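My structure is below; once you've seen it, I'll send some questions.
Here the chain labels run A, B, C and D in written order, and each chain numbers its own residues starting at 1.
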Amino acid sequence: MASKKKLEPAIIQKIMANHNNNELLSRYNSVRQASVSMCASLEPETCRIQPSLEISPPWWNLAHTSWFFVRNVLEPFKGAAESHDALFDYVLNSYYVALGPRLEQGRRGLMTRPTMKEVYAYRQSVDKRVEALLMAAEPETIKKLEPIILIGLQHEQQHQELFYSEIKNILYQNPPNLRPVYKKNIKPKSNQNKSTETRFIAFSGGLYEFGNLEQRWCWDNELPIHKFYLNDFAMQNRLVTNGEYLEFMQDGGYKTQLLWLNNGWNHVQQNNWTAPLYWEKIDSEWQIWTLSGMEKLGLQDPVCHISFYEAEAYASWKGLRLPSEQEWEHAARSSGITTKTGNFLNSGYLHPVATHGNGLEQMFGDVWEWTNSYYEPYPGYQPFSGKLREYNEKFMDNQRVIRGGSCVSEMDHIRLSYRNFWKPETRFQFTGVRLAK
Amino acid sequence: MASKKKLEPAIIQKIMANHNNNELLSRYNSVRQASVSMCASLEPETCRIQPSLEISPPWWNLAHTSWFFVRNVLEPFKGAAESHDALFDYVLNSYYVALGPRLEQGRRGLMTRPTMKEVYAYRQSVDKRVEALLMAAEPETIKKLEPIILIGLQHEQQHQELFYSEIKNILYQNPPNLRPVYKKNIKPKSNQNKSTETRFIAFSGGLYEFGNLEQRWCWDNELPIHKFYLNDFAMQNRLVTNGEYLEFMQDGGYKTQLLWLNNGWNHVQQNNWTAPLYWEKIDSEWQIWTLSGMEKLGLQDPVCHISFYEAEAYASWKGLRLPSEQEWEHAARSSGITTKTGNFLNSGYLHPVATHGNGLEQMFGDVWEWTNSYYEPYPGYQPFSGKLREYNEKFMDNQRVIRGGSCVSEMDHIRLSYRNFWKPETRFQFTGVRLAK
Amino acid sequence: MASKKKLEPAIIQKIMANHNNNELLSRYNSVRQASVSMCASLEPETCRIQPSLEISPPWWNLAHTSWFFVRNVLEPFKGAAESHDALFDYVLNSYYVALGPRLEQGRRGLMTRPTMKEVYAYRQSVDKRVEALLMAAEPETIKKLEPIILIGLQHEQQHQELFYSEIKNILYQNPPNLRPVYKKNIKPKSNQNKSTETRFIAFSGGLYEFGNLEQRWCWDNELPIHKFYLNDFAMQNRLVTNGEYLEFMQDGGYKTQLLWLNNGWNHVQQNNWTAPLYWEKIDSEWQIWTLSGMEKLGLQDPVCHISFYEAEAYASWKGLRLPSEQEWEHAARSSGITTKTGNFLNSGYLHPVATHGNGLEQMFGDVWEWTNSYYEPYPGYQPFSGKLREYNEKFMDNQRVIRGGSCVSEMDHIRLSYRNFWKPETRFQFTGVRLAK
Amino acid sequence: MASKKKLEPAIIQKIMANHNNNELLSRYNSVRQASVSMCASLEPETCRIQPSLEISPPWWNLAHTSWFFVRNVLEPFKGAAESHDALFDYVLNSYYVALGPRLEQGRRGLMTRPTMKEVYAYRQSVDKRVEALLMAAEPETIKKLEPIILIGLQHEQQHQELFYSEIKNILYQNPPNLRPVYKKNIKPKSNQNKSTETRFIAFSGGLYEFGNLEQRWCWDNELPIHKFYLNDFAMQNRLVTNGEYLEFMQDGGYKTQLLWLNNGWNHVQQNNWTAPLYWEKIDSEWQIWTLSGMEKLGLQDPVCHISFYEAEAYASWKGLRLPSEQEWEHAARSSGITTKTGNFLNSGYLHPVATHGNGLEQMFGDVWEWTNSYYEPYPGYQPFSGKLREYNEKFMDNQRVIRGGSCVSEMDHIRLSYRNFWKPETRFQFTGVRLAK
C-alpha cells in the first residue's frame, strides 16, 4: 500500500519547553491529579452511565486517559508492564485502529469491569511506572518522551473538559426529584445585573497569517501557519445572552422553517427542539440545569448548550451570521486578548456568566463559540506521525469549529489558535454564539 | 366509560392458607431475605447495567420489589410512609398505568439514583414498616392483607428468577477476559455420563380438566378450571440435549429456511443466529457461558437459552412438534410427577443437568419448556381486581407459554398449573425443548 | 436432513368435484377472466405502486397469479414453455423457497418490468398453454391436474380479494384532490336507515366437531376435522356499526391505555391512531374513503378497516370480548347460515352495508370478523405436500384468525370452515368486529 | 420577525443578455423540448419509480419543471390560469416553504396521479400560456420576466442532468435479466486504447479572484467575486481511470480502515461497499451498468459513480489529496480551458471516455470532480430575493463541491465558475476524481 508521508511537523519539536525530568514529572502529576479530584465525590453508580453514544461514563474517562500512557509511553519506552495493562486494553482503546481491536463506543455503558476500585488502582500503577520511567530517563530519552508525554497530558485535559459536560448530562438523566448536584454552593452569579450593551466592533480585511503564531505547544490541526484573506468584518462585542435568545424563541424561532438550514430543521423536527438543552419551563418560569442543580435562568448570562444549527438560525433571525474561525482568530489576536481574564475552570463557576466589560469581551472561557467554519485541515497539514496520526485527521468531516474554550476548560489548556470541533447537532457541550457581519 | 367486570375469583380466597400474623411475617421475611442474599456479592457497578430493554439492572430489581409493597400494602393499609416512598415512586413503577406515571422501561440503566446504599436502606425501611403493619393487624385485616402480601411475595420470587437470567447476561457483556463469574466452584456436573436414551411416552386423548386443580395458591391466569379436548399424543421422556441440538446445527439447521417459521427465519437473519445464546466456539471446541464462567459444553445436558423459534425449528427438523401446554400439563398430572425431584435453585447448580431416570423426566426444573401454545386467557378468565388487574392480561398477545420452571426457580414458586410466557424470540431465559408427536 | 412426513390429506382428494376437461377449463377461464376485468379500468401508472411491504402493485398481482400456473402446472406437467417464463420467474415468486430465488417482497414497487402490456401478454400465453394442456390431457392426467388447478384458482381468488383492498390503499396515497375513484356510482347505500337493534344470541357449550365438515374443497388449514370443547357462550346478532364505534372514540377509547393490549397500545402511540383507517374529519363531519371516493360516514354501516387491537380494545371498553374462531364456526353452523345472503363482491357495493334482518346477521360477507384465536394448525394438521407445503404453515405465528369473508370476496370462494388470518395490527383489509360473551 | 436583507445581486441584472420576446421564447422552447425528448422512449411504467429519497420518478421531473413556471412566472405575471395548476401544486412543490405546503419528498413514488398523459398535457398547457405571456409582454415586463425565465430554464437543465442519473438508477432496480437499456447502440468507446500517462501540472500560489469572473449568467452561489489565497499546488493532468482505481481495490482499499474518513468508513461498513456503484463481477470479469446496458469495464475510462469518501480514500492511498474548488477553478482559468472540448450530453456517449490529450485534460464533461471543499457561501453571499431565496442557501451544510460537469450535462449549462454539490456519500451521480498535491 502506498503510504502517506509521515513527517513530524518540525515546529512542534521547536516549541517544546525542554522540560527536564522533574519538570516533566511535576507537570504530569499535576494534570493527572486533576482527573482524580474531579471524580472524588462520585458514587460508583454514577460512574457507569452512558446516556448516548458520545457521552462516556466517568470510569471510562479515568481509565482511558491512563491507557493512553500505557500504550504510547510505557510500552514503546519499555516501562514496566503489569497484568491489567493487557486485561483492560480492549475496553480502553477509543478509536485507534493502529493500536488494535477495541470495544464498540456504544458499549462502554454496558461494562461492569473494571470497577472504580480497579480503575483507581490502574491509574496509580500507571503513574508509579511513568514516574519510574521519567526519573530514570537519560536526557536523550527525555527529549523523545517529552512530546508524547505532553500530548498525553493535553489529551487528558480534553477528557477533563469532556467530563464536566458528560457528568452534567449523566446526572440529568434521573427524574427531576432524584437529580444529584455535582457541586453545591457554587459562587453566586450576577444574574440580576445588566450585562454590557451589545455592539459590533469593526476589523479591517486583508491577507493575514493564521495558526500557531504564538508558538505555544499545539495540536497538529493548528499547523502549518498559513495565509488567509479576510474581507472587512465586524464582530459582536460579547456573547449572545439567554435573554436575547429568549426573544428568538418567543418570536417563533423554533417553528419558522425558513430560518434554518435544511439539516437543522430536520433535527428540530425529529427531536422536538423548542429551547436549548437543559431548559425547563416550570410553573411558567424558565429554569436550567447546572452543575449546581436547577437554577432560575439568568437573562444576562450567555446562552449555552445550543447546537450549531440553533446558533445559525439565531443569526439568521437577526439578519446576521456566525463568524468564521479566521475572523474569530484575527479579532482575538489583533485585539491583544489573552486567556487570563476568561471564566475558566479555575473560577469555580462551572457556568457562563454575564460580562460588564467594554472591550471585545468573553472571547475566552464561558462558552465555546460556534463558527461557520468546517473543521478542515489547514493547507499543507501534516498529522502527527506514528500511532497518533489518527488523533485528528479522520474526524475532519462534517464538524464545525468552535473557539475560545469554556467555563469547564482548564485555562492553561486553551490558546488563541486552539481549534475544537463538534458535529453541528451537538448540544451537550458548553457551546454558545457570538454574531458577525 | 363502560367498566369491565371486576370480580375477584372466589377460588383464590378459598385456597389461601389462612396464615396468622407470625406465619405471614415469617414467609415475608424469608422471601425478602433471598433477594438481598442473591445480590450480596455484587459490586455497585454491576448493579447499574441494562443490556437490553427487557433485562433490568439489579438495583431496579431490588428496589421495584420493595416498591410493590409500598404501593399495594403500606399505602392502602395505612402503614407508615417515608420520604423515599414518593422520591422513588416514578422510577420503580414497572408498567402499572393505574399506579401513575413511570420511567420508560429502557431508561432504567441510565439512572444514577437511587444508589445501592439507598436501595438497601429503602428495603429495610419497607420491611420494618410491613412488619409493624402485620404485627399490629387485627385478624380481620390480616384476612385482607394476606392475598396481597402473598401476591407481593410471588412477584418477588418471579424477580428473583429473573435476576439470575439477568445477571448472567449482564456479566456476559464484558469482553471475555474481563467477565466475572457470579458464583465460583459450582458443584461439578455429570457432563461425562451418558444421559437416558430418548423415547416417547404415549398418553390417551379425551376431555380433561385443566388449570389449578391442585388448589394451591395461583395466579389469575391459571383459572378458571376448564375442560379441553386432547387427541392421543406422545411426549419425549426427557429434554433435548446439547448433543442432539448440535446435530441439528451440524446438519445446517440455522441455514435451512424451510425448517423455520417465517418470523423465526427473519430473526435468524437479522441477528445472525448460528447457535443458542452463550455458545462460543473457542479453538474448535464449543464452550458455554454459565453463572460459574465459561465451561465446556456438556453434550448430555439439556440444551438451554434457545428461543421458541429455535425450539420449533429443531422439532421441524426432527419431523415432530412441540407439545401444547395442555399436553404438557396432562402428561405431568396423569404421571403423578411433583416438583420435589426437580433441579431448582436449591440444588445450587444454576445450570440444567443430564438425567439418568427412566420415567417422564425433567418436567420440573432444569429449563422452562417451550410449548406451541400462545399465552391466552383460559375460557372465562377474570383478572385480579383493582390495581393489579394489569398484572397479566395486557401481555396476552404474541407470547408463547413455557412450563415447568428452571434451575434458577425457587422450587416452592413452581407448580403443575404454573404458566410462564415470553415473546417467541426470547433467549436470555433458561429455556429448552421437549418434543411431542 | 430428517424430513417431515409428507402425506397429502386423503380427504382433499375425496372432495374434488371430479371435473372433466371441459368443466375444468371452464372454471379456469371464469376465474382467470375476473382478474383481468377487475384491472381493466386502471392506468399503467396505477399498476406500479407499492405503498407498503404487504400491499403489492396490481402488475405483480396479475403476473404472480399466472406464474403460479407456470411453475405448478405447466412445468411439472410438461406444458409448453416460453421465454418470458424464465424471464419473469425471479420477480414473480412470492415466498416459495422450494421454487428458487426470488425478489425481496419490498422491491415489487421498484420494478419497471414487466410492463402492463407484457403482463397481459404473459397472462394470455399462460392461459393458451394451460388450455392446450387441459384439452389434451387423458383422464388419468386430469385427475392429477385437477387438485393443483383448483389450488391455483383458489389462490387467484385470494389475490382478487387482496386486489380490492390494495387498490383502495394505492389510490388513497394521492393527496385528497388527486385521488381517483375506482368505480363511480356504486349503488347507494342505506346509510340513513336504522339497522337492527343489537342483542346477544345464546349457544350451548359442549364437545363439537370443527373444520371442513361440509366437505367442500378446502385449504390444508381447515383440516383435519377435530373435536373442541366449548363453554356456553353468546354472540352479537350483527356486526358493530360505525355509530357504535364512534361512541368508543368519543369516550376517549384511543387515549385510554387500560383498554388496550400492551402491543396494541404501542401501535396506537407509534402510528397516532385516533380512528379507523380511511376516516377523515372534514369540516367537523366524518367521512371515509371508499372505492367510490370519499363518502359521508354511514353510522348504521358496519365499522371497517380496524385492526385486531382496535377490535379487542372496543370489546374491552364494552366489558365484553371477541368470539373465538370455534365459537364463530359453531354459531354459524348450528344456525344453518349459508353464504348465499352475504354482501359479497357480486352485490357490487364494494362496501359493507347495514342490516335489517332479525336473525344472526352478517356472518358472511360485509367485513371479515376478527376472532381472538391465533392462527394455529388444527390438531394433526398436515400441510400440502410438495412445493406448495409452504402455502400456509410457515405463517402460523402471531396472526389472528378472521372469519366470514367480506364485501370484496367472491361468494363462491368463501365457506363456513374458511380461515383467513392477518397480523393483529393490519388495517387495510376489510375487517370489522362482532362481540361475544 | 427580524428579516434578512433581501438585495438582488446587482450583477445578475447586468449580465443578462437582454433578450427580446422572440429570443426569450426561442430559448424557452429549446430547453423545454429537450425534457420531452429525453423521456420520449419511456414506458409509463418506468416513469413512476422512486428507488430512494433523492431519486425522483421521471413523471415528477417533467411535471415539477413545469410547475416552476406556473408558480414563478404565470402566477406573479398574471398569465392565464388553468384548473390543473391548483390540482398539481401540492405534489410538485419540491422544497419551497415560501410556496406553500408540499408532498413529502419520499412519497413521489407513491403517486398514481398525474398520469403521464396528464403530465404531458400540463406541460403543453404551461408552454402555451408562457408563450402567450412572453409574446404579449411590453419591453418593461420582458426585463422583469427575463431573469426569472432564465432561472427556470437553468433549473430545468439541472433536472435534465438529474434525469440521466435517475433513469440509470431506476432501470438498474430490475433484476439483471429484465433491465431495459435506455439507449441502444451508443457510439463505441475507446476502451481498448491506452489513455494519456498521468502526471502533475504545477500552479503558482498567490492571492487570486474567484467566482463569476467570466460574467456569464450564474447562480447566486457563484457570487460575489472575492479573493482567496492559494499556496503553490499541482493537479493531475487527467481524471483517475477505472484501471487505476482497480489497483486501489486490489490492494484492499475497501478493507483498510486507516485510509478512510471516519464517516466514510461507516458508510463502507453499513452498505458493504466493495466497488463503485454499478460495478458487477460476472464470471470473474468486471462489468458496469451504463445507459446502454451492461458493458465490460473500460480500464482507460475515468472511474465514475464514486462517493466523495471513496475519492478521498483513493487519494489517501496514493499519499495525495483532492483539490480544493479554488485550486480547480484557478487551474482551469489560468490554463484557458473552455467547455468546448468536453464530453457533454451532445457527444451522445452518456458515459465518460478515455483521453489522449497532452494538456490539462477532462476538466469539463466526463464526470463531476469531487473537491475537498465544503459547499459554503462565498464571503458576502446574497441569496436570490423573493420566493427563490431557498434555491441554494439552506442546503449549504455538509455537502461537498463538485466541479466541471459530466457526460450527461448540457454543455451550455456548465461554466468555469459553476458549483455543483452533493452529500459526501452520494454515488448515483456521474462523479469521479482528479488528484492534487
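Going forward, contacts are C-beta pairs under 8 Å (C-beta built on N, C-alpha and C of every residue); 3 or more make two chains touch, one makes a residue touch a chain.
What you are looking at is a predicted structure, and each value in this text was computed from that prediction instead of being measured.
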item	value
Other chains in touch with both subunit B and subunit C	none
Distance-maximising chain from subunit B - centres being C-alpha averages	D
Interchain centroid distance [CA atoms averaged], subunit B/subunit D, Å	60
Separation of mean Cα positions, subunit D and subunit A [Å, integer]	38
Subunit A and subunit B: spacing of chain centres that average the CA atoms, whole Å	47
Touching two or more other chains - residue numbers and ranges from subunit C	none
Set of all touching chain pairs, with the criterion as stated earlier	A-B, A-D, B-C, C-D
Sites on subunit B touched by subunit C in the complex	1-5, 95, 97-98, 207, 226-229, 231, 251-252, 256-258, 260-265, 316-319, 372, 374, 376, 379-380, 390, 394-398, 424
Interface residues, subunit A side, partner subunit B - complex	43-49, 51, 59, 86-88, 90-91, 103, 107, 109-116, 170-171, 173-175, 177-180
